[in-house]
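Structures for review follow.
After this come two complexes, each holding chain A, first together with chain B and then together with chain C.
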Partner chain A sequence: METLSDKLKPHQLEAKPKRKVLIIIDADPRTNPRAAEAVRLAGGVCVWEQVEVSIVLHHAAAHALSEAAADLPEGKIYKQFLPMIREKGGRVYVMPDDQTMEALDTEVILKNHLKEPALAELAAEAAMVIRF
Partner chain B sequence: MEPKARKLGILISVAPTHASFHHGLRLAAAALSAKDEVYLYCLDDAVAGVEDERVQTLRGHGLRLFACAYACQRRKIVPGENALYGGLTLLNDVMAATDRFVSFN
Partner chain C sequence: MARIIHILTRENDPLPASIIAAQETTGHETRVIDLTEVDPNGDYSILLEEIFAADSVQVW
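Our next item is the complex of A and B:
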């Protein structure tokens, strides 16, 4: 007979799939501190590894991944938390508009670019979608 | 035996004057009326609303209220006893442990 101790065995707890959280950021990090707050939220949550966090830097928000990101207001937050999200298995996608595209390194775009159908798929798979 | 209460998590990050703040509270009120457990986390500009009368009324009806300590510190808001103040660990717990989670930003 299965005992309570059996039920609480670590392997059974680990088997529970993590809920997917999608954070879509529209705020322009050059002018709006909410972009940094959203990135901080993503990093601060994913570090506990209880949910699976992905973020999408939409349009002007993609400036957070530009070479000049460190010079942005709250630039430290982008430098600290975006790599942390990746280290914890999360994805950081970009969907820059034409103007923002010019500020991004080609490699950043190639590695992280997301198209509309893929965004729709991510949103459909996510248990929670948070938009800033 | 009564069915187990559903758990609803709500994140609000806008100021108490913003319409989305009000929408979040309306959802919390509806869920509390339905006997759900409601966990509200105030982030960013929403921390200014912790002492809001609407929020405290809901708290009196069973709302579990949390607020971001970092956001308070940045806004020079002194944490009181009307909410549980903490970091994003608290928000993580709410996200991971509730049946549904919605945000108002």
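Our next item is the complex of A and C:
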């Protein structure tokens, strides 16, 4: 019979699927430091490796993945933390508006674009959705 | 299907409205608490009960 201490063994903990956290960012990284803070927060949580963190850069927030992202006020944060989220198994999606779409590389859009029904399902699968 | 609680913090926000509609269409059970309409001195125990009963907590 499996005891409580058996359940606490490391191999048991690893077998359990990670809970998902979805962070949706609306803030415009060109003018609003909340976008960078949200990315930094997501990066910090994903390093913990207890949850699977994904990000949706919604509308103007998608500028954080533009070619000019390095020149943004908190450009270093995007360069450091967005790859980190991917390395830890999370995804970085974009849902740019028409104006922001023009600032993004076509490959970035093709690889990371998310439509609204898919966002609804992604949110439903997440234990927690937080918006910045 | 997931039991989802949506906590709304912004007035006239189109994004959560469309997400909630899409989740209901696909069969998820949704509950909505609009905090913009709740008095700061209101009874938040109901909100806590809903959070602990939910599979997914979504703060908009």
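The working rule: the second predicted complex is superposed on the first by the 124 of 132 C-alpha atoms of A that agree within 3 Å, B and C clash if a C-alpha of one lies under 4 Å from a C-alpha of the other, contacts with A are read in each partner's own complex, and residues count from 1 in each chain.
To be clear about the criterion, a contact is a pair of C-beta atoms (placed from the backbone, for glycine too) under 8 Å apart; a residue touches a chain by one contact, two chains touch by 3 or more.
A quick note: this is a predicted structure, and the numbers were derived from the prediction, not measured.
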item	value
Fit or clash between chain C and chain B when superposed on chain A	fit
Partner chain(s) touched by A:V51 [first = chain B, second = chain C, both, neither]	first
Chain B versus chain C as contact partner of A:L119, first or second or both or neither	second
Chain B versus chain C as contact partner of A:V108, first or second or both or neither	neither
Contacts of A:R34 with chain B and chain C, given as first, second, both or neither	first
Contacts of A:M84 with chain B and chain C, given as first, second, both or neither	neither
First, second, both or neither for A:M128, with chain B first and chain C second	both
Closest approach of chain C to chain B (Cα atoms, Å)	5
Set of chain A residues, in rising order, touched by both chain B and chain C	127-128, 130-131
Chain B-facing residues of chain A, complex	19, 21, 34, 37, 40-41, 44-45, 48, 50-51, 127-128, 130-132
Chain C to chain A touching residues, read off their complex	2, 4, 15, 18-19, 22-23, 26, 28, 55-60
Of chain B, residues touching chain A in the complex	11, 13, 43-44, 71, 87-89, 91-93, 95-96, 101-103, 105
Footprint of chain C on chain A - complex, ascending	24, 26, 58, 116-117, 119-121, 123-131
